[in-house]
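Naming follows writing order (A, B, C and D), and every chain is counted from residue 1.
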């Protein structure tokens, strides 16, 4: 089940980050993750896919698969934001639409990065997650 | 000289009030004074002479005398305000216009009633004093 | 535990209550003008300013995050407290006055046109009259009062008739009157107004400190209140509005926070609630307002209302014994407000002589001049108003002091 | 005593400066967003709320008098501080944003008509752009920017030309830029604007904490500032205006305090300043704002400005050693603001990694998007901003932390 998939991916990320107590080490890791996130297709780095945070910009593309799962790709012009959107994609991409819509994304909180997800946050992450869920919810509704 | 007149009348009032340490005694005296202030001529209790404080109302009439002095009469619908306007009239009425315009009215402060004279005060007293001075200043300017 | 022990339990939370005035212990009966603040509220402000002050929303640094979270948590607390459908329906304002002006200037200037009618009750505070007068003057619309009965209750027949006759675009009603204490049947008023096609604005300034409030049962379109009457700081309050209305309204104040993006070619606005929150807000006030709500809920609005109702009855029967005294506003359902006049004595004189005895009351028209004119009380009233910490003994002292004042004036 | 000892003398006045962030001692370099508060300011609020809180102006009782006197004494202090001609030219507002909106909505809606032009500089804060855009949209007037040189100084030739070409009704200019630090020659701008027949609005938000300000020498028509950037509380600021203009302007917000008398037949308004001050104000903030001014004046604006100028030079030369770093805004006359970009690195990343090291800076467009667009800085800048208590050592720590951040990102 996709809900389990999302949960187990979250646990994976939590475990991965549990290696770092130090704030700076954690961010060092996040930066590495950000560098590893493949750039989004330039064809998708368009205004249509842009989510404008007040500071960094995020691009998000969602693709519906035949089996009812959703594939996400995402990018950002700030590397830390890119690391964060990469984590979100890693946790959610490929799961079933309904599971994405229902997902309880506690992991950022657990690894001590929840401030980046605050609704008044300036990096665009919160808006991106909102959009991922809206997209998945719409899709799930359409299919049911 | 009229300035001396105003000063000596202020001293008189200050001395009179120095008999009372107690807040309530002071107000008892003020109420007595208020009761003794003769009512203004009903002909002068008109909108033209009305100064609207946000709580009590004050009527003020000013009469220019041939010798350049000004006679004031005043009234109020609240007895404490009436006592206060009575004190003002007692100190200023009959003095020369210029002396009234220049008068430094410290006595209310000295006898501990200055709050009634605050510019945002609600009883109309501050507006009345302002009007007394404006009237006197205009008159003095006209005569000089 | 009986309700009358409420003040005993909470008075020590209020540092000001142990002070003296003119050498007499303070008896503070001016709560409808502004309530005193519990230590928790005072300390929340101090703590914020000493420990985590920063400008909010836009900052990525830690202090800015702490401050933002604390401030936004109050929005959530307000939403919970008033049964809002969603948190973003709650707009922070500088108080009730500011909130009503927001509705009048944003909703009003978009929706009111020449010849339209706005109804408000005759017992409104100036804050729920003047913004509509200014709007009506600009738009050549009409502002018409709904009558109030001599006992201080709303004339519902007059409301019904006015709704039929004028087909108003908007109806404004005070939830509880600051001068009379009357709790208005806002549910019924809103139902009738809605049936007649009008938008409703409820002024909850005096309800917030005394009553449980629920947007979903009241059925209004806009609701406003102010922090400082509900044990919170001055300079902060809120507007609640239906989401669809708020979304459709243009912004009122322009500046930082309320924009999505700015350029000289064209600016786009943020979503609600931020669309209506331009500039740096009163952050410490916002935070402390949430603490005030927590404090009230910790005590329980039930207990507060019950206690204050007892105080009103106690005061009204004690005052009855004073000759020539008349209580103004004798509705069955009241918040902790008792207005009165004494034949032959100006309220200003009485209030001044009470102050000399340490008793703080308010006198005058209480920013309800039209009501005072309607009732033929050109000098206003003397008003005693109560809070959760007010005791029967304080009321007894005030009554004795009033008798003394009357004697001095006779 | 040398100027560099200034922070030594005053840092202990600021409780927050001894805290840590993420386990590191706080280095607070976000003062242009909001300054920290000295104990005197924090205590003034606490003292007011604990000892003499009451609603002001209308109350006859003792607490109301104490509160009114304290609040009004701040109006007097502001008037003295800025060289106002009279005290009633000082209007309390909720901040700079609120003050500019007041001018735009009251003066603007009365005096701006279709086809009119308003000029503001390209370096204005959104607070001095959006209210004019909203006004221009309503009135079908035009808002035109005055260019800024690449070094961050105002293009005075462009101003002259725009004045000739557009004959604007109003010119808005920021006294000191929150993004660049530039101190604008507001006297010259106001002189030129006045000669061209325009009304002038100066946004002094960033000047109040750093510079001596004098209405009589600046020669503007309106001046605004906000308390929280000048060591005072949030949610309070002021508008200064020429008396004749203020007297002629209609009120903006309706409600209590701003009226002379209210009836359904017709309402008359109070005189300035009260005409513009509807509702219960932020009383504790007003009182504490006065204490903040006292505190600043106790130190001396001379010393503060001198100290901050040294810090700016120190920071700018230390930052020069970092490869690919460019300081944005290199005017000769600056307040304590140093904006920068580092080639290839997003300011958000740099700011986040500084925060991890206890250094609070601000990143982004600083509510000056049009300026950022004009300068081709679509991701904004990283801004360090200083106050009287900022030390050279703090700047050195910030520079080292910045180098580490860059290393981590490379």
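Note that in this section a contact is a pair of C-beta atoms (placed from the backbone, for glycine too) under 8 Å apart; a residue touches a chain by one contact, two chains touch by 3 or more.
Note that the structure is a prediction, hence the values are computed from the model and not measured.
Chains making contact with chain A as well as with chain B: C, D. In whole angstrom, the spacing between the mean C-alpha positions of chain C and chain D is 31.
We define each chain's centre as the mean of its Cα atoms; on that basis chain A and chain C are separated by 44 Å. With centres defined as mean CA coordinates, chain D is found 38 Å away from chain A. In chain C, 22, 58-60, 62, 261, 348, 352, 363-364 are the positions where the chain touches two or more neighbouring chains simultaneously. Residue numbers of chain A whose C-beta contacts span two or more other chains: 54-55, 122-123. If you sketch which chains touch which, the pattern fits none of the simple shapes: not an open path, not a single ring, not a star, and not all-to-all. A complete list of chain pairs in contact reads A-C, A-D, B-C, B-D, C-D.
Residue ranges on chain D touching chain A, taken from their complex, read 22-23, 346-349, 352-353, 356-357, 363-365, 379-380, 408-409. Residues 56-60, 62, 65, 68-69, 72, 260-261, 274 of chain D are the ones that touch chain B when the two sit in their complex.
Residue ranges on chain A touching chain C, taken from their complex, read 52, 54-55, 115, 118-120, 122-123.
Contact residues of chain A toward chain D in the complex are 23-24, 27-28, 31, 54-56, 77-81, 122-123.
Across the complex, chain D is touched by residues 15-16, 19, 21-22, 26, 28, 30, 33-34, 36-37, 41-42, 45-46, 49-55, 58-64, 94-98, 100-101, 104-105, 125-127, 129-134, 143-145, 226, 228, 233-236, 251-256, 258-259, 261-264, 267, 278-285, 348, 351-352, 354-355, 359-364, 367, 369-370, 373 of chain C.
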